[in-house]
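Take a look at the following structure, please.
Should a chain be cited, it is by its letter among A, B, C and D, assigned in written order, with residues numbered from 1 in that chain.
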Amino acid sequence: MEYIDTNSGDDSAEALVNSDKAQTARLTRRGGYFILPLIVPILLLVVWELLSRKGLIKPTILPPPSDIWLVFVDMIKSGELLNHLRISLWRVIKGFSAGAVLGLVTAVLIGLSPRVERALVLITGLLRPIPIIAWVPVLILWMGIDEASKITVIAIGSFWPVLLNVVHGIRNTDKKYVEVATIFEKSRWTLLTKVVLPSALPSIFTGIRIGIGIAWMSVVGAELIAASAGVGYMIMYARELSQADVMLVGVISIGITGLLIDYAIRTLETRLLKWSI
Amino acid sequence: MSDSIPKIQLSAVEKRFISARGDEQIALSNLDLEIGSGEIVCLVGPSGCGKTTIINLMAGFEKPSNGVVQIDGKQVSAPDPDHIMIFQDYGLYPWRTVLGNVLFGLQARRISPAEALDKALASLELVGLTSARDKHPHELSGGMKQRVSIARALAVEPSVLFMDEPFAALDAFTRMHLQDELLRIWQEKRPTIVFVTHELDEAITLGQRVVLMAPNPGRVQRILDVKLAYPRERTDVDFSIFRKELFEEFHLVHRQALDGTEYSI
Amino acid sequence: MSENNGQALSISRLSKQFTIDTGTVQALTDINLRVEPGEFISIVGASGCGKSTLLRIIVGLDSESSGEILLGDQPIRTPGVERGMVFQEARLLPWLTVSDNIAFGCRSETPSTERNRLVREHIELVGLVGFEKAYPHQLSGGMQQRVSIARALVNRPKVLLLDEPFGALDALTRINMQQEVLRIWEAEKTTMILVTHDIDEAIYLGDRVVVMSNRPGTIKKIVQVSLPRPRDRSDYDFVQIRKEIYAEFFEQTNKPFAYAI
Amino acid sequence: MLLLPKKLLLPIATLLAFVAIWQLGARRYPPELFPAPSDVVLAFKELADNGVLWGHISVSLARFSGAYLLAVIVAIPLGLFLGRFSRCHFAIDPLLQVLRPISPIAWFPLAVLWFGIGNAPAVFIIFLAAFYPVLLTTISAVRAVPAVYLKVATNFGARPGMTFLRVIVPAAFPGIMVGLHIAVGTAWIHLVAGEMLGAQSGLGFMIVDARNFLRTDQILAGMLLIGVLGLVIYRGMKAVEHAIGRRWGIAS
């Protein structure tokens, strides 16, 4: 099995982006940290607002920021937005937990036993490249249109990145550490718990981060195709009513929620991996 | 060394850094140093003594907080192709062949391709790497890589070579071999060489003068004139005398440095 | 502290081949060496002479060699806690603190009170009191290597193998660590086998210096160093021994100094 | 076939077992709910024979390559620019951070509103899916160029143009390649999503169409085909990357 992930999104990009904290620190010291990053978004919003006011952008196509804001506040007040978000999030949590646990267990088996790996290599090779969204129609056929099919889609989506990254982490355990354990005559169990798993932990986290990202993406996809609640449904429904403002509120809340989830996991990661700074 | 104007002159040079915690640290304090044309000067000292800072100031990669750094009587303000720095990690471009790397400096100078090729080949010949001209850096051993980087520097015929622990990543035998090579090349081209190292033997093998530095704040502890004729035999009694002298002085410096640096998290 | 059980390490007719794409490489040829209990042996050689391979065979990480290695009268085939090893990189587990790393070296059956005592004792031995809770990345290279030495010694091995342990440290820290190792050796009386490419280091530390030659890796010469410790590196006898060993490495190369100033 | 390498025995055996269980298990259900592997093969043949399949494949591939190329053409220069001028990057970064986690699928309804039904929304989605990975890896690849490369260039007096074209671009190239092949993966997924949601042609549409007629066998055939095609494109990309890396002496 080759441990690449067609579904993995841009994780390597993120790893690289994180590596230049020094530069950020330098800019911070120059005082640009708070001002610079605000200029562009504010400028953009002002131009957008002005163009809309002057009638250069049709509000049915792209409503002005102020309208979007009002709709946003309305939807928060009525509880509608949060309700949809809650439903989507809950689906993600259920689907992701199932997919991640399954992925972790399979990965440990594959990582530790070449035999298991060889047994599974062709099947995984066949199933893995199928895009998650392509599962939606057939799962709806099999499991009906309610929760089960959506959760399964999410589980499939999160299963692969977790599996691949954990296997990768286990495989990439530095041989030098394994040698140290060998010299001290450690048992296989000690080797697994004290050496292999800790050293795979960064990869496990990468898997979890990508997995949850894909889960969040899949829930939206699944809800767009078939659902009666959730953010994806909210956007789809707004489209039928041609409410561009509601659609934009939905899209932006998807972005912000995704950002928050990622932030939460990163925080957890830095807590747990304080040895690897 | 009885020249009229020194090749490199540092007067009352001071360098301060702001550390990550935000407090100011003095990397170099009030440093005066003169280096003659064609001289080999070795800077040695424990980590944190500012030897790399000095060489970066001379090469123009950093600017002094106070004082003046001059080469040929002109103030150093930026890196100059007449003063080439050789780095410990070679700085070779992995996508270029050995020859391509050596050509880089000549291309930057916009020399005609034919002339550039001649110069590059001559330079490769000088370091004995003509046969490896079409290889890529990843196919070479550490010692060969460093020779390529020396060839790249020599190709532009600089008057000064700055060498920042160039052989530190090599094993002891390769290192000695390259020291001999460097002396041979110096013999032929006579550039001024400023050489940073933490190996005492290396400093005594190469340097006409050895500048011993001490940390906290970085300063010159002592300048030792190594009055030994080249070639120097590393196992000669005379060599050992210098070795011992430097060693003892160094030990002292090192003791002080250890208290400050090694045991700090 | 503990006396050595008086077991000599004897290597006889040891050879080792590696198979690579282009054929086989003779890494070691007919190595014969007897290391007395409590002795400090230094092995010097250029890179690629098989000196590290020799250590890896002794510790049991490389197998499939021909010949025999006996510790006392027990043949060595697999790794065992009676042989400790310190590598060039400290190889500390980055996710464990200093104490936990040293404790990792303890035999699994060691009861935890005993384990704590051993860890404390060895942290003291290598002079790292106060750093018990630090993670490896917070330590300097020299300190990491101290932890690694403590971890290797915590089982009171009969033989401690040191594979270029200071190769990655700067010259000054290296000198400091050499003195440390000497101090520990004098305190623990462990048999030590040190592999290095630093001739000075070999002479400074060893009772005997084994000079190995390149391809095929074989023992070229064994030089007895009967200087009292602590040794003075610029002492006349030291310099003479240095000269003798240098000659072994530079004999074939016709002098590159065909010029004079 | 007779001299099958031993290590292939186990994987093939498990695959055969998997297919066999599927075949046996499928007998107990009606084929429109749970088709057997043989049904899937037949469905595939049927689609191929009546010519529908090739049309969908070529439409999908054209859409995919067009949108992907467009994304690459926009993202690489932008990434090189933002990577080189860190102030600009710093100014624009928060915007990127908020927009990036929005799955391209979520833009779909808006895209339909903006561009109308048809080709454009699908292309837009694929573009977005490829754009971010390429942009972000390019930026970070430029910023991750080792300082010593730049120092050497400055030292030899290389002009900014030469430093950029002959040092920064080649040094960042391997990183950019990583972005390019990641983008192939994400873009391919979103191709299917885009076609399922709104297009009237392509492999994604083919699946939706099959669902509307309850042709589960065709759905599965379509899924497998999409998977295999995606894998082939992805592997091809990797091979190109590897070949270039080797030529440059970067990959070992």
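Rule of thumb we're sticking to: a contact is a pair of C-beta atoms (placed from the backbone, for glycine too) under 8 Å apart; a residue touches a chain by one contact, two chains touch by 3 or more.
Keep in mind that this is a model prediction, so the values were computed, not measured.
> Going only through chains that touch each other, how many steps at minimum separate chain B from chain D?
Minimum number of steps from chain B to chain D: 1.
> Could you find the two chains linked by the most C-beta contact pairs?
Chain pair with the maximum contact count: A-D.
> Using CA atom averages as chain centres, what separation in Å is found between chain C and chain D?
Result: the chain centres lie 52 Å from each other.
> Roughly how far is chain A from chain B, going centre to centre by Cα mean, in whole Å?
49
> Taking each chain's centre as the mean of its CA atoms, how far is chain A from chain D in angstrom?
That pair's centroid distance is 17 Å.
> Using CA atom averages as chain centres, what separation in Å is found between chain B and chain C?
Using C-alpha averages as centres, the distance is 32 Å.
> For a test of understanding, state which residues of chain C touch chain B in their complex under the given definition.
Those in contact with chain B are residues 46-47, 131, 134, 138-140, 142-143, 167, 170-173, 175-176, 197-200, 233-234, 236, 239, 242-243, 246, 249, 255-257, 259-261.
> Can you list the chain B residues touching chain D in their complex?
The touching residues are 59, 61, 78-81, 83-85, 87, 89, 91, 93-95, 104-105, 107-109, 136-139, 156.
> Would you pull the chain D residues touching chain B in the complex into a rising list?
Against chain B, chain D makes touches at 146, 148-149, 151-159, 162, 166-167, 170-171, 173, 248-250, 252.
> Flag every residue of chain A that touches chain C in the complex, lowest number first.
Answer in residue numbers: 176-177, 179-180, 182-187, 190, 194-195, 198-199, 201, 274-277.
> Can you check the complex and tell me which residues of chain A touch chain D?
Interface residues on the chain A side: 4-14, 16-17, 19-20, 23-24, 27, 32, 36-41, 44, 61-62, 115, 118-123, 125-138, 140-142, 213, 216-217, 220-221, 224-225, 231-232, 235-236, 238-239, 242, 244, 247-248, 250-252, 254-259, 262.
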